[in-house]
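Listed below are the structures to be examined.
Both of the next two complexes hold chain A, though its partner changes from chain B to chain C.
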Partner chain A sequence: MSLSVTDLRVHYRTLRGDVKALDGVTFEVADGEIMGIAGESGCGKTTLGKALIRLDTRMKHAGGTVALDGEKLPIADDGAMRRHRYREVSLIPQYAMSAMNPTRKIGRMIRDLLAAHNVRYADVLPELERRLKLVGLDIDVLKRYPIELSGGMKQRVVLVLSTLLNPSLLIGDEVTSALDVSSQKAVARALVEFRDHGFVRSMIVITHDISVLFQVADTILVMYAGHLAEKAPARTIIDEPLHPYTKMLIGALPKVGDRYEEQQLEGIEGRPPSLLDPPAGCRFRARCPLAHDRCAEAPPFREVAEGHQVACWAVS
Partner chain B sequence: MLTIEALDKVYKTGTFGTSDLHAVRKVSLDVQRGEVVSLIGESGSGKSTIGKMVLHLLDSTGGSITFDGRDVTRLGFRARRDYYRKVQGVFQDPFSSFNPIFKVDRTFETLRRSYFPRVSGAAWREKLEEALGAVSLEPGDTLGKFPHQLSGGQLQRLLIARALLLDIELLVADEIISMLDASTRIDVLNLLGELKGRGLGILFVTHDLSLGNYVSDRVVILYKGRVVERGATAAVFDDPLHPYTRDLLASVPHLDRTWEEVEAEESARSARLAGRCLYHEALAAQGRALGDEVAAGNTPADDVGLVEHAPGHFVGCFRKAADEECPAGV
Partner chain C sequence: MRGYLARKTVIYGLTFVVAVTLNWLIPRLMPGDPVQRMVARAAVQHPETIAAMTAYYEQTFGLDLPLWQQYLNYWAALFRGDLGTSVWLFPAPVAQVVLDAVPYTLGIMIPAILLSFVVGNSVGAMAARSRWLDNVALPVGYLVTAMPYMWLAILLAWGLGVALGWFPVAGGYDFGMVPQWSWAFAGDLLQHWVLPFLSLFLVSLGGWAIGMRNLIIYELESDYANYLSALGAPKRLVRQYAFRNAMLPQITGLALQLGTILGGALVTEIVFAYPGLGKLVLSAIQNQDFFLLQGTLLFVVIGVLLANFVIDIVYVLVDPRTRTGLTGGTS
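Now for the complex of A and B:
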């Protein structure tokens, strides 16, 4: 068992009260699994990714545990997390490629990063060069400045450097967004390759683009307003989703070949609830066509078939 | 209705504008009433630049833009104001299109002040509600609110409503749904489809092929400022000819097929078209070599012309970038 998250709650402190961005999520990521997290903006997917590595000053750990390879991660203790960060859990944050130091050459930047974790650059250099070649980059990129690289190249450099110490878990937050489709494909392919080569044991890929998840992920976890809605193998989520939200979300995505004249797709009416004071029970209730009295009570996230978990009363 | 002929744009870059960036190369296309034309390309293809030139936010370097037979390439201040009654644009980020300090109503008020100063308050209110109704927004839910109180999809629809207040004939929609969530995205797309049904012409600028495909009648594929292929949506998507279009279609993440499956299909077509160039083959079939063309002055010297491969389906020389060699070695 690589990662197991139990009833994790992370709130944001604001002047108007706590925003319950992550309100009791429980899931597991198996060894060698690439799990995709999908959901609309504000559903808590980025918060989930960040909570596994570092809580910033606004974030509050309100309960729940995270265990990686059987060992409990001290996520609320910034100092104690330092030992695990980068070596065991590594995160590629959103917009990572734009966050490279513009005044440092790539090689120098990697050297600094390794020094901060007490690793000698010379020791990992052969491996670094091998991996750069693997993702289709010339080793000369180490002598270049970030500005000299294209978005796709930068994102691949970020991928290589964040997995250099073979972490157990890599979290990639929107790693393929803001890239052209051809670079998107190259980066997505590199993610799968890194898992296949065992550079990372398992992976969480966060993106709003479900079609990318379908290409790279083994399983997809759908989140809605700080709760989990459904987790299932990627193909099941696309072809036979069970949760009404997943159904409507997949139904709202035009496939290449769908035409407005022939088949009109429908969006989802309404907006997600405010997480400042979220309603009790199922959070999708207000937008759900199947909502009934029982939905006032929060449905459990339970397994309905092998590897398929759903939080909905209407699904049995 | 809108016709673009051999449009060019050169940006001056570098210190003191010492180097040139040819962003748009001899692009020709047209948009008719009641039609959605998608401009599809990756970053740097010049798709937004074309949209901005149509909207007069940028000056063109060469070529012409005509609207209903009238040349609108160079317009004075006054003429431009009249032009904007008919042509409006909506852009990618709805949040930056509104001033966050003011309520969204102000956007409509400024429009009223410059275009409808003589309309009475009651009549204006009626007109406004009608426009909001057309984009399926409840006036009570949206008016009197600040931008941060509304969702991206609502703001984007408010901007379209703003454009509709002017009885426009052409809408330039520049990546208007890329920032929206999947569940609201489709509503805006359906709205475009509905507006098209009412006779509006739409120039839909996008990098997302599945969105371009869903709503558009014709597509124009751009690569590094050059039109490489254009034609009816179904023709281009079912039978992509240009190597760039084929690459692009093979790279798009599909929801129902994996990349491996798409590539397997694509490899058969690639094998058939390898080392060929339909553009030069078509020219040769007409008994002309490219050299003659240039000498006769029919084709621009930088070779950005298109040939009609099948009725309504045009394709350019199979080079990718303008400075590359043609794969057929012509």
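Now for the complex of A and C:
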């Protein structure tokens, strides 16, 4: 097993109290697996991604453990975590467009970063050039400043840069969100290719766009209000979701071939609960058509079929 | 880069022409007649003598010609390095009077500007990461920056000069000394230099420190800093990048500040009776010395323009984003 997260809790400190953005999540990502995380805004997917590599100053590790390749990651200790970053866990940030220092040439920046990890630039250069070519970039992007590149090019440079030291786990946060469809496809394909070439062992791809996940991910994890709702192979999530929230989420997507003149594209009624003081029991209860008395008690996240886990009392 | 330089040169050239023209025009629009004043100084009563003297002075200074011709003559003389003759220190040539004063002004301004810029930015950068320093540096910085130049100058003159008696409070050197190349004179010069320098230095210092602190905090929150940290870059590298990027607006700030600092230097010189350009401007105005005023202001204008030109070029060298003719990426 590559990544194993156990009962992870991460809270945001605010003046009104702790926001329980991640409230006890347990899952595993296997070697070579690309796991997609889906869910609406505020469900905790970005928090989960950040928790695995670098907590920001407002975030507090409130419990639970993260183990990568059998070794426990000291996620709450910024200094100790530094040793694991980049070499073992790496990140493609939400803001790839502005992720590079505007006043440094890209090659120079990579050199500085590698030097900080005691890696000689000259040793890595042939591999770096090979990977740039692989994503369709000319090697003289290294002599350019980030402003001289288009958004799609920057995204690909960041992809190559983030995976240069062959990390065990790559976290891609909204990797394709700011791109047009053709760049989206190129980046999605590059992600899968990088995994297939063994540049990254496993990957977590966070997005609100389920159609992208369907292209990229082997498995999809659906989150709702800081809890896990369902995890299953991508095909299963799309075709036979079990959790009522997943069903409604998938149902809210338009389908090719359907005409929306007569029928209405359905959304999900209501809003997710406040995570400042979340209700006990199943968090989807208030919006769930299947809710019943038992839902006042939190449903366990358990396996209902091979590789298919669901947290819902109505499914078993 | 060449096109950029050419454009800048044209812009600065035009600015220079306008500045010189205004510089020539403004003293002539001031009330009062310098020739009358010189004649009065001679204290003669005879009307014929007065008429003869007036005619002589007007001819000497070229004031008997029509305005447009005076203007053209001014430009012609300018290119010969001739700034005219001082009325106040007649018959000393203006160029000589001004050149004697320039080293004093540059001597307090250049160290004050550079040192306050370097020290202020360093203190600001340090304050951005040390809470203790931040709590001290920020209020002190605001206090010092908010002080007008002459107020701080007066405070320093009183505190360090009169009350403690560490430094002399007036003049460029002791009145009992004659300028010469000797250790005693150099030491005396240095003693007189400290207070004017210090007042300029302190006022500029706070502004740079506060600006740098805020910029560093902003840069450390930026996306590239977060990305670098997430990839395990040590704080030192992130701060190095942040500092370099935060310097860019500070350099622009320096260009904008130069004129103000110069104004401050002039006022400071007056407070300390320091024999630089500032004192010269005051004397020239008080004595309605057109030519001296013109000459002094011309040096000031040239100084500010040159400094801005240099900063424009430095800026292009340090910030790739301002470079023209960058070739965009294509694939």
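As a working rule, the second predicted complex is superposed on the first by the 314 of 316 C-alpha atoms of A that agree within 3 Å, B and C clash if a C-alpha of one lies under 4 Å from a C-alpha of the other, contacts with A are read in each partner's own complex, and residues count from 1 in each chain.
Rule of thumb we're sticking to: a residue touches a chain if its C-beta (ideal position, glycine included) is under 8 Å from a C-beta of that chain, and two chains touch if they have at least 3 such contacts.
Predicted, not measured: the structure shown is a model, and the values here were computed from it.
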Consider chain A as the common anchor and indicate whether chain B and chain C clash or fit when overlaid. fit
Mind working out whether A:Leu137 is in touch with chain B, chain C, both or neither, as first, second, both or neither? second
If you stack the two complexes on chain A, which partner ends up touching A:Ala188: first (chain B), second (chain C), both, or neither? first
According to the stated criteria, A:Ser162 is in contact with first (chain B), second (chain C), both, or neither; which is it? second
Tell me which partner A:Glu40 touches in the superposition: chain B (first), chain C (second), both or neither. first
Looking at the overlay, what does A:Leu253 touch: chain B (first), chain C (second), both, or neither? first
Looking at the overlay, does A:Arg271 come into contact with chain B only (first), chain C only (second), both, or neither? first
Who does A:Tyr121 touch here: chain B (first), chain C (second), both, or neither? neither
After superposition on the shared chain, which partner residues are touched by A:Leu91: those of chain B (first), chain C (second), both, or neither? second
Determine the nearest approach in Å between the Cα atoms of chain B and those of chain C after overlaying the two structures. 10
Within their complex, state which residues of chain C touch chain A. 222-224, 226-234, 237, 241, 244-245, 248, 318-321, 326-329, 331
Residues on chain B engaged by chain A in the complex (per definition of touch): 42-43, 151, 153, 181-187, 189-190, 193, 207, 209-211, 213-215, 233-234, 237, 247-249, 251-256, 258-259
Per the touch rule, the chain A residues reaching chain C in their complex are 53-54, 56, 82-87, 90-91, 93, 95, 98-105, 112-113, 116-117, 136-138, 141, 144-145, 147-150, 153, 158, 161-162
Within their complex, state which residues of chain A touch chain B. 40-41, 151, 180-182, 184-185, 188-189, 208-212, 214-215, 238, 248-250, 252-261, 264-268, 271
